[in-house]
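Paired with chain B in one complex and with chain C in the other, chain A is shared by the two complexes that follow.
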Partner chain A sequence: MNGTDVLNLVVTSVFTVQIALGLTIIFGVMRVINMAHGDFFMLGAFTMVTVSNSGLPVWVGIVLAPIVVGALGAAVERGIVRRLYGRRDLSTLLATFALSIAFEQLVDLIWGPQSFTVRAPINGTVTVIGATYPTYRLVAAGVAVLVIAAVALLIYRTAFGIRIRATMQDGETAAALGTNTHAITSSAFGLGTALAGLAGALMAPFVGVNYAMGLAQTVQSFLVVITGGMGSIGGTVGGGILIGGGQSALSVPLSGTVAEILVLLLAIFVMLLRPGGIFSRGQARTA
Partner chain B sequence: MRLARGPRWASALALLAVCVAIAYPLTKNDPYWYTVLTTAVAYGVLALSLDILWGYTGILNLAPVISFGVGAYAWAIVGSHIGGSAGTWVALCAAVLLPALLSGVVALVSFWAGVQEIYFALVTLAVGLVLAQVATVWTPVTGGSNGYLSIPFPTFGFAGANVGFGTANSFYFFALGVALVTFLACVWLVRGRLGAVLMAIRESDRRAQTLGYSVLRYRVLASAISGALGGVAGMLYAPTTGIVDPSVFSITLSVQVFAWVAVGGQGTLLGPLIAAVLISVGQQTLSGSSAIAYLLVIAGLFLAIVLFLPGGLASLRMIVKHLRFRHILPRRLTPRRPEAPHGDPGLEP
Partner chain C sequence: MLKMISNPRRTLALVAAAASLLVIAGCGSSSNSNSNASSSASASSGASSGGAAAGKGPITIGVLAPITGNLAPYGVGMKNGMQLAVDLINADGGIAGRKVAYTLLDDQTSTQVSATQARKLLLQDRVNFLLGTVNSADTLAVIPQAEAAHALFIYPVYGEDRSCTSSNGVRPLIFGYGDTPEQQLVQFVPYVLSHLGKRVYFIGSDYVFPHFVDSVFAHFVQQDGGTIVGTAYAPLGTSDFSSYIAKIKSAHPQVLFIAVTGTDGVALVKQLGQFGLRSELKVTGTPSFESEVIGGFSQAAQGVYTVDRYFQALDNPLNQRYVAAYEKMFPTAPKPVPTTAEEVYGSLLMLKAAVAKAGTINPDSVAKALDGISVDTPGGTVTMNPKNHIATTNEYLLQVHGAGYRLVKALGTIPQPGDEGCSAKSLP
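Up next, the complex of A and B:
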């Protein structure tokens, strides 16, 4: 493993954590399995493609993507997910499953099936730990770390965060004590999807952007959230480093596909043996 | 015999649709139409597989294509290594038993470990992805991402004479026969004691357990039966298309299977079968952007049904009934499954 591999591992881990953090917030607050999460990531990347193609500066896309995608996420919560809270038959899972395909087909219809590339806003390379590495990737990962820290502060250090956590623990009591849980659920859905959308925009210059790119991220985020423990923010950070970093590290000596198989098997065993997450002590399931 | 619940006119309409579907290729005598319809019939059996599991037993397997894909690969690989009538029988057993065994084991391990609902759904999703990746990298056996070609058609030896189904036309009738037998077997199963127990588990697993039924055993049994049905579907699919590649495990196909069952009405058998046949004929005959738009419409329809008609399109007759008495469209139909009183407090608005 050389310096480039180490830097790739760090960048992959950071973005894995950011995307999965969005899924954790959505699951933690609403107990909703958002099967379309990766597609919000994909839509963030396509916001970037659209901005870049229209001749605007690329960084406008990075600012715009979380706003557009977050607004869409909040709208999805109001229009679709909210109607299904009372049901116990995993309807939200099926609805977001359908939504995921709908988003993909819509993007395929509008932009076509080809892969897009986006010019990075920063060119050039830097030499870190003996490796020549694109500057933009390190800057993007830095932005992602700041965003993750800001979200953690938002949730653990603000009044809004207290309301989110109260709704996570017990929505009914939070509502009885004066929290507008309706506003909390749609803003939490918006926040969760905005995190995915921002990650899509930040990663667009160094990954292939196409309509089917979301699925891998949905699966990856689920693996992280399962491994870290559903609804636990600290666990998500740990799980993201384990899954994202692990897959990145394993794909150096093995092939990427074999690494993916191993990570999937790890996640299956975690689900069977430690349903509360790998960092839990076999605590009760949350769902 | 009435084959499905619901009004007689719906059954008659469905039967008419089936007759038209059977007769259509006869009027054309075109191998293309035979191939399209044989694939549609295979998908119909796949819809039955999900309906037994999701519609009747209430188990959410997010990757109903697992057994389909394993069945297709098993038929292709085993059948092409052992030729002739013996090969057909061995491959048939492999294509049915392997997926049944796999589904049963996944269910047994998961439910025995106490994994349920969301977690079981995610376990099945992960298993499906593992299989897709294994099919991609295990090139010497599966043909890798290029797919497995040279898939045999079935031949049966009877008293010295060989009955082969080696053309698109004859295989279509073979597939129709298999699908009919499978469908009748499913109807017989769900009408019997087993079906009653499965539905009892769907309504309330605690009640079924209290009444002395081993919920674990019946869930594993339902998974194995569903796996066998998926295997049959895969076995019908493989020779028709002539290629089995890792896309048989695709999540897009899984969502479509859910859409067929939801549109047809889960827990009705006939509905999902017909919906799968009709919808997939449309899907196959379209191409380019109209195929994408078609899939978009199907996804939208699926979403609308999950939102407004939890019983599927078949429950539209409930709207008609409500209209007759209330003269207004009910804002939301009550789900067929009543809410459990001990339900999760959740975030009920």
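Up next, the complex of A and C:
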């Protein structure tokens, strides 16, 4: 493993964690398996495409994407998901799946099926630990790390975070004690989708942007929360490093296809041996 | 802390349900697309004239195209191409004095749907001729349907074309109008090795077609004195190629040949630039840089070398007329004019010439007339090779330039080498 491989591993892990974190928050607060999660990522990337095509600086898109996508997420929670809480069936799962298809087809209709690229706001490469690496990738990953840290602080160190955690643990009691759980659920949905949207915006300059790009992210995020443990932020970070970083590290000595198979096998083993997540006996229960 | 699952097994059940939905979604967001079947304005419903000889009604053509699924850019090119081709041909007096009507159905890039839609077109709509499919697996699924209905079937676009002959010789009613990797690469590879460098690296998507392109490419590289310093395959849907780029870099190639298909190729090219590799090596490839997909990333792919049988900037009167008509009919369509559209037009021009020569629309007579026929198309003169039923066509060595291509070298008219290029050994 040379310097480039190490940096690849770090950058891949960071974005995997960021996207999955959004899914974790949404699941933790609402028990909603958001099948459209990757599509919020895709919509973040398309916000970038739109901003960049209209001639505005790319940074504007990075600021705008989480706001636009988060607002859309909150609206989806109010308009659709909220009406389905409390049903002990697959209603929310099916509703968000339908939403996923609707988003994709809508974007296909508006932008067409081809792939778009967005100009990176920073060009050039830097030499870090002996590797020549694209500067923007490192900056984008740095922004993502700051955002992940900020979200953790928000949840563990603020009054808003206490309300979120209270709603996560027991929504009814939290409501009885005066927490406006309606406000909490829609802001948590907004926050979760905003994280995906921001990741889409940050990654847009180095991936191909197209209407179908979300599905792979939905799958990846599900793998992360399954291996890391449902609804645990620490588990999500661990799962993200394991899945994203593992895939990246394994594809150094092996072919990409084999690496993908091994990561999927890992997720299956974790599901069989530790249904609560690989970290379920560790940090997840404490802190 | 945030570990609040009371019952992990119930959660697992939910996740399992989620996973199965993802699988459904992965199979191409297809379930919603029946309504996408579109048909030409009017006349196609009156196709009761069937396979009979010269009648009075329109000549009907059934078209299968992937309007949904990951080959949609090609399907849309085909759909636009068909609309324009029928318009142009009807304006020029139709086929043998009869108007042309068509019905286009979405094959959804699914073998099952392709076969079903082919049967619908052949048996229910009773079209006179069948045209279409992009994915070669779908072509293979349609051929038996066409043969069972004794209908003439033309496969119009680039592909491996191992389907027009059977092990007993040429399939009489099946024709490949599209070119093949052999035709594209036989002159392209020598040029690349002598002008760009002899140390080459191949990267492709990990499914059958890029593997096939690789085998053809590697054969020509070895034959022409080059060295393959590395080969890599990325799973479909790869969006981050950083680990592949690290491997490419350490192999120190002079030339990178890319056969990463569809939208993944965009990401790869973009990332090559960001890692600073575009200045270290020459980028070439096909089908990654085809006209159907280049629109979204031509900026990132400037200067990349590729090869095709057609490109919008071709300088001949037939093409100038064609491009003007295309831009008039589809003012908002992505640039440049897709090769798929031109291929559909060329297929119809060839069919028109064959029907005129045969004097009937009887499939056997038209098939006989197609053998060896030559037509002028916007892409140049195309001849149907009677030995293997694959069109002999022009190939052009191109460089991505602006929103389209500029010509580097016209490679001339190239036949599919040998007559077993069309062997159907892969058929069950």
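FYI, the second predicted complex is superposed on the first by the 280 of 287 C-alpha atoms of A that agree within 3 Å, B and C clash if a C-alpha of one lies under 4 Å from a C-alpha of the other, contacts with A are read in each partner's own complex, and residues count from 1 in each chain.
Note that in this section a contact is a pair of C-beta atoms (placed from the backbone, for glycine too) under 8 Å apart; a residue touches a chain by one contact, two chains touch by 3 or more.
Everything numeric here is computed off the predicted structure, so don't read it as measured data.
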| item | value |
| --- | --- |
| Superposed partners chain B and chain C on chain A - clash or fit | clash |
| Dominant contact partner of chain A by residue count, chain C or chain B | C |
| Contacts of A:Ser251 with chain B and chain C, given as first, second, both or neither | second |
| Touching partner for A:Ser232 - first (chain B), second (chain C), both, neither | second |
| Which of chain B and chain C A:Leu273 touches, first, second, both or neither | first |
| Partner chain(s) touched by A:Ser91 [first = chain B, second = chain C, both, neither] | first |
| Which superposed partner A:Arg157 touches (first chain B, second chain C, both, neither) | neither |
| Which of chain B and chain C A:Leu215 touches, first, second, both or neither | both |
| Superposition clash, chain C versus chain B, among 41-49, 77-85 or 113-121 | 113-121 |
| Residues of chain A at both interfaces, chain B in one complex, chain C in the other | 33, 90, 93-94, 97, 100-101, 104-105, 108, 215, 219, 222, 226, 255, 257, 260, 271, 275, 285, 287 |
| Contact footprint of chain A on chain C as seen in their complex | 1-5, 8-9, 11-12, 14-15, 17-19, 21-22, 25-26, 29, 32, 70, 72-73, 76, 206, 232-235, 237-240, 242-247, 249-250, 262-267, 270-271, 274-276, 292-293, 295-297, 299-300, 334 |
| Contacting residues of chain A [partner chain C, same complex] | 2, 4-5, 8, 11-12, 24, 28, 33, 35, 90, 93-94, 97, 100-101, 104-105, 108, 112-117, 119-120, 123, 125, 132-134, 136-137, 155, 165, 168-169, 203, 205-210, 212-213, 215-216, 218-219, 222, 226, 229-235, 248, 251-252, 255-257, 260, 271, 275-276, 280, 284-287 |
| Footprint of chain B on chain A - complex, ascending | 30-31, 33, 80, 82-91, 93-95, 97-102, 104-106, 108-109, 167, 170-172, 181-182, 185, 215, 219, 222-223, 226, 255, 257-258, 260-261, 264-265, 267-268, 271-273, 275, 285, 287 |
| Of chain B, residues touching chain A in the complex | 58, 60, 62, 109-110, 113-115, 117-119, 121-123, 125-127, 129-130, 133-134, 136-137, 251-252, 255, 258-259, 262, 289, 292-293, 295-296, 299-300, 302-303, 306-307, 310, 332, 335, 337, 339-340, 343-349 |
